[in-house]
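Please read the structure below before turning to the comments.
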Amino acid sequence: KRENKEAAAGGTPPAEKRSGGKIALLLPESKTSRYESHDRPHFERKVKELCPDCEVIYSNADQDASKQQSQTEAALTNGAQVLVLDPVDSASAAAMVARARQSKVPVISYDRLITNSDVDYYISFDNEKVGKLQGQALLDKLKADGKDKGTIVIINGAPTDNNAKLFKAGAHSILDGSGLVVGAEYDTPDWSPDKAQQQMEQAVTSLGKDKIVGVYAANDGTAGGAIAAMKAAGVNPLPPVTGQDAELAGIQRVLVGEQYMTVYKAIKPEAEAAAELAVALLRGQVPEGKVNAKVNNGQKDVPSILLPPVSVTKENVKSTIVADGFWKAEEICSGSYKDACASAQIQ
Amino acid sequence: MSAPSTQQAMAVDPRLIQDAPGLKGAWQGFLRRLSQGELGSLPVIIGLCVIWLIFYIANDRFLSAVNLTNLMLQITAMGTISAGIVLVLLLGDIDLSAGAVSGLSAAVMALLNVKMGYGAVPSLLAGLATGAAIGAFHGLWMTRFRVPPFVVTLAGLLGWQGAQLFVLGNTGTVNLNDSFIIGLAGTFFEPAIAWLVVALIVVVHVATVFVERRRREAAGLPLVPLRSTVVRMVFTHGALVAAVAVFTQDRGLPLAALIFGGVVLLLELLIRHTRFGRHTFAVGGNAEAARRAGIRVDRIRVTIFTLASTMAAAGGILAASRLLAVNQSSGSGDVLLNAIAAAVIGGTSLFGGRGSAWSALLGALVIGSISNGMDLLALSSSVKFMVTGAVLLVAASIDALSRRGRQAAGRA
Amino acid sequence: MSANALFALKGVSKRFGAVQALTKVDFEVKAGEVVALCGDNGAGKSTLIKIISGIIPIDEGDTLFEGRKVSLSGPKVASALGIATVYQDLALCDNLDVVGNLFLGREQRSSGAGKAVGWLDETVMEQQATALLQRLSVSIPSVRTQVAALSGGQRQSIAVARAMMGEPKMVLLDEPTAALGVAQTRQVLDLIRRLREQGLAVVVISHNLMDVFSVADRIIVMRLGKRVATFDVKEAKEVEVVSAITGAKKAEVTETLKMEGA
Amino acid sequence: MSAPSTQQAMAVDPRLIQDAPGLKGAWQGFLRRLSQGELGSLPVIIGLCVIWLIFYIANDRFLSAVNLTNLMLQITAMGTISAGIVLVLLLGDIDLSAGAVSGLSAAVMALLNVKMGYGAVPSLLAGLATGAAIGAFHGLWMTRFRVPPFVVTLAGLLGWQGAQLFVLGNTGTVNLNDSFIIGLAGTFFEPAIAWLVVALIVVVHVATVFVERRRREAAGLPLVPLRSTVVRMVFTHGALVAAVAVFTQDRGLPLAALIFGGVVLLLELLIRHTRFGRHTFAVGGNAEAARRAGIRVDRIRVTIFTLASTMAAAGGILAASRLLAVNQSSGSGDVLLNAIAAAVIGGTSLFGGRGSAWSALLGALVIGSISNGMDLLALSSSVKFMVTGAVLLVAASIDALSRRGRQAAGRA
Amino acid sequence: MSANALFALKGVSKRFGAVQALTKVDFEVKAGEVVALCGDNGAGKSTLIKIISGIIPIDEGDTLFEGRKVSLSGPKVASALGIATVYQDLALCDNLDVVGNLFLGREQRSSGAGKAVGWLDETVMEQQATALLQRLSVSIPSVRTQVAALSGGQRQSIAVARAMMGEPKMVLLDEPTAALGVAQTRQVLDLIRRLREQGLAVVVISHNLMDVFSVADRIIVMRLGKRVATFDVKEAKEVEVVSAITGAKKAEVTETLKMEGA
């Protein structure tokens, strides 16, 4: 009986010093548009730019940790020399890191921190900070409107999602003790907008439609559901609603004033930083400069690149989203959003 | 009047137990049927009342007009999908793709309307047509290659989900703005119109029932006692009036409720009173016997799956109209399981040949009420899951227990 | 012989898995004739009936209807030719009521607007069903009972009545009286005679030789998947038929029949 | 030797078509059976070969030892759950709670082992016991209250998912460290041990087959031609040897594969060769006939559901051991649908009374290969969904078409 | 009369939904006696049999076995008392083979270690099954065919053979010969006589009065759910029995019987 006799059978030895090579990009889900429409293209473009002969192996785990494990194995079988892993589940991804270690393949923990494991680098936005940013924006807005003693509704993300927990913790650290009363708080299974809608409807019913001064929604999808619920219940004017991800639909709502804010995580720099790091590791170089922090993941201090999330409201859509090319003006300003665009000076 | 006509051709079988005349006879007949488990939807309705009572005690806003209107709006999409599932269950088959089809159809509609700028009506029709085409494809595939519907629609569940991701492409969520499409779930009719609709339904129903009675009498066929017809009508029409009274207290009669109610009613008429419906029951009861009777079993199956998927598409469109958006997770999650559970809780058999379109309405009300009530109480996620499971189990058990007498008496 | 036959089979064979159920069977029935199909259990009688009514495909051989070659590709085809069948396993829809089963596949639609959508005229159907069942002395509590709740004989009666709906040219009856009571059996035998008088071709399977002799014109005997003998009823003796069925010598059979007469 | 013994009591029926002696006769018999659709698992196996070939052409690492070993490890959990599903399907029932039960059981195990510090073995047993208790509860509930299994296990799907969230509480994911538990999926045996196991299996199998043959001969019963027994053995044992040869080229024979294989083998013996198994088939074929024969139908149902849920728990524990962690989404997602699909694709009927434990293995291989291969090709999500759906459909259709001859020949 | 009866029912009633299937029926059968249960279709004969074999519960009335009151709460109870039944709807498991069906519920386990786990001894079962079927002249291609693939008469034979397995004290046969061929019918009637000689109580339902007269000791006639007449076979005339069954006047019956004799 021998334990895990690993003959480095999967991974090609990193000693191979060709210019080309394989980098695996493993993303967690496809139900949120950011991964397929931003992370992946930006990452792939940057890799091509830095290393024309490199190949990117891309997989998406559709929110299933064991599927991601299979995909990791597939990538290693395929001869990936660097893993850029955005884990479905931050804690249980340790097994995949261990598997990569056996094949002597370095792992970059992308966007979400893989806890209790020997990862090489970490690139992300600070997720707890995202929650703080949302909470702060809501609180500031309510203060400005003089409603900072009112009742709010909190709609969190999926109860099975570890990130949702971080957003929740961040938001609570601001909102608790701020004088705002939490009238109702929900977790939203699967981050489902439909569920968020029903939860909001029930919150409106149980609290009364004039009582709610603000809504904390963890992302743009749930915000959309909450807004639809309030519209249907005849809540007018709509209270400020937070969001996250700067989805196209979210930005559009922000522009027409239905949603107060969204959190823009500039995915392009994040993806590009990951690409640069991955290519450097592929070539056996030690990346310098970019690393700006160390984050403890329970096992070690992981050298990290942390990027700042940005709070986006109607005022700064142009200077952030449009300026970065995250969404093009014509994408945002399609059809009925023309007027709103004009008033925000977006063409 | 309540005694069988004297003209009738066949002597009444002496073994047939007849209810005594008068109100007392009716009550005794009711008790007898109760003990034999012949209650139809009564147990589900009682279960629903218990659920409502419990939530009402926990939070008295549960039975407010606004919440009941919300409840109605919350169940229309799932209920419409469930009505399609009822059809498929009548055949003894299952449709696992209903959720995915609802999502894909809504995505197609959104794409055409928002991104490609087509009008509301063509987009809507295209959405429905997507559903119909998928259903026809499933039906043809399973009849042509004799693959069990379970497998075909399971493949569909995966495939159409992929297609939905593909259609929504990179942008992800699409907001709906078109007033017509949004209006599907967002329009409420004034009391005057609502009551007109009610009056129309009641008058037509009463008229047809009595015309039919007259015809049977003329043909010398035995008649159901008049009083039980009247009692039944008083209850159903009473429920209708009560519902509309509640709606008019809040925002008015929701168009979505009208659509859902209309779909269920039409479906019930279709399966209960037409050749096609009769053949559907026959195929569900004994497909081989139906085949030998010259019924084109394959054609029935294809039509049923087409109808069911079209209804799933309609449900998806209603959901999108209510959410004001379509996204990648539209139609996924528990949409499918809820729709199936609703049909089954409402009393449609999973084994084919037994059921009614009303079960979609009743079942959707039960499931919708549970989730509505628990959101009103804002319980934590884990508790919500557990309570939903428990209530489902108890509701189904009450129903099953009440049928027990019948099983003991029945053949199997 | 088969020149003026209404229906004929030529050299029909049928195999189920490893069992050769029919081997090169010829068969013919004329209009206005009652043919009894006799044979031991498993001789292939029901298989033959199912082939004629189009519910199982043949492996080889030809089928002729009114002298023309036809392909009996399904029950729909057979019933379009005017072939009505009572199956041994009855094949009723347990979840439908008696009226529903009697009219299955040929429901009455109401006149006018209802016709287009296939609206059922339940009153007319119930009336006709009641009349038909009364004619066949069938005693059931109500024509609205589900077939699942009927007794074995009642189910059999419904299946026989079903075959009489529509206007068939040829009726196939696979043990139609097996579960029937005295009165009902008599009615079915009378019915068969009436059908013959109306010029229909009737094929009846029965193990009851008394019934066979009382209604049939011709007896065809099958054994282990082959047609082994044909008798004209006027000339045939029961002993001969029994010996053809069991494959035993005639003398043995006479012996046993005598013993049983005791 | 291949001709029926002369001592036999009953003359051979002249209608029974017998294969001619010799190899030519065997081949003709094979062709005859092929045309009649009596092929058993052959179509699935051919389908699997086609899938493997396609993926191999697309990426030649697909058939590498390391990938095939990975494939095996990837399917063990789902396959074990699927084996339980096979049991339930044999009764003509369905178990929708298998995924949730697998998650909850793994969570209970993790909780006891990691958070409460119990030893590996007690924790493991507690996990399995959780599954067994849930299964027994489901079985008792459905037999006591006559609620359809679909509804009971649907309620379970929700309820136990809630319980899992509750058990994992606020911490969410629990990492596993215990070497015994991790070893379930992480242990590989050396070639010597692997070949010993193979030799044992082959010898025992051959011995029992020939002892049984001798007994039948002595009793004067007809014998299956020796050559077809031998051909069958050569194929199955060949597959076994090939599999082990592949494993030994990589990390060795995985313990998880041994566990999965053992479970399937035991199950097959249970359902095929014991009283309990016979009764299970009888209940699935005709529950009323089984009841009239004095079989305690309820007890069979409770036992089957208990076994199935225990197997689901075992699958959940294997999955946890492979992932080195349990989290809130363990057992959710497509675990359930994959397990059911595997059983069905492998050839177990959804309508009860027909199937075998091997179908869990074959079906899991088909489904696992598709997903493994597509991950290897690193296709995009939407394409993956669509291709999976399409492949499933085609695989099932080949199987169904090959059975078509049989259906045409069959009674229904 | 029922003092020395092996089995007796007293005032048994049974209602299905709105149909009163049995009204205060008394019934008794002695050891070593063959009782024939006759009656029109739907008279309630099968219902009575199902009550005795415990598969449907009674609404009111008592059941006595060997003079003691028993509660026939399920088929398990009835078979423990030694009651074996052939049902009219046969109740076979289509997916099992002939051997599996014959031994269902009383499978032979192999000796030794296998016994504990319930390992089946297929060889012994197949041997016994082959022998039994041969004794009953049942002709089936192989005892390993699935029951679904058998003809109607073959299925009926299997059901009858099933009831002979085990060692019953009382055998209930609901139309056991309905679908049987000439030879098989003769075997079953012989079998019934042998059972009587072995001292078993036998209840047989049949619409074939010739068979009834040839094997029964006593005839009990039911009509519309009530017991209406009892005959001793030695003294009874066919006309009387028929008139009791159909409820017609004796004269009418004689008339019709004469006509049919033609």
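As written, the chain order gives the labels A, B, C, D and E, with residue 1 at the start of each chain.
Convention: a residue touches a chain if its C-beta (ideal position, glycine included) is under 8 Å from a C-beta of that chain, and two chains touch if they have at least 3 such contacts.
A quick map from chain label to UniProt name: B, D = Xylose transport system permease protein XylH; C, E = ABC transporter ATP-binding protein.
Just so you know, these numbers come straight off a predicted model, no measurement behind them.
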Checklist outcome for this item: Via touching chains, chain A connects to chain B in a minimum step count of 1
Next on the checklist: Starting from the defined contact criterion, work out which chains touch chain A and chain D both, please.
Outcome noted: B
Checklist entry - What chain is the most remote from chain C, judged by the mean position of CA atoms in each chain? => result A
Item to check | Farthest-lying chain, centroid of Cα atoms versus that of chain B | outcome: E
Checklist entry - From the C-alpha centre of chain C to that of chain E, how far is it in Å? => result 27
Item to check | Interchain centroid distance [CA atoms averaged], chain A/chain E, Å | outcome: 74
Checklist entry - If you average the CA atoms of chain C and of chain D, how far apart do the two points sit, in angstrom? => result 46
Item to check | Contacts with two or more other chains, residues of chain A listed in rising order | outcome: 30, 36, 159
Next on the checklist: Where in chain B do residues touch at least two different other chains?
Outcome noted: 13, 15-16, 165, 288, 381-382, 410
Next on the checklist: By the touch rule stated above, which residues of chain E touch at least two different other chains?
Outcome noted: 16-19, 139-141, 149
Next on the checklist: By the document's touch rule, what are all the touching chain pairs in this structure?
Outcome noted: A-B, A-D, B-C, B-D, B-E, C-D, C-E, D-E
Item to check | Contact set on chain D toward chain B in their complex | outcome: 96, 141, 145-148, 150-152, 154-166, 287-288, 337, 340-341, 344-345, 350, 381-390, 392-393, 396-397, 400-401, 403-404, 407, 412
Checklist entry - Any idea which chain E residues touch chain B in the complex? => result 15-21, 23, 56-57, 224-225
Checklist entry - What residues of chain D sit close enough to touch chain E in their complex? => result 9-10, 13, 15-16, 212, 215-216, 219-222, 273-276, 278-279, 281-282, 284-286, 288-296, 353-354, 410-411
Next on the checklist: Considering only the defined contacts, which chain C positions touch chain B in the complex?
Outcome noted: 53, 55, 74-76, 79, 85, 87, 91-96, 100, 104-107, 109, 117-120, 123-124, 126-127, 130-131, 133-134, 139-142, 148-149
Item to check | Interfacial residue positions of chain D with respect to chain C in the complex | outcome: 13-18, 36, 38, 406, 408-410
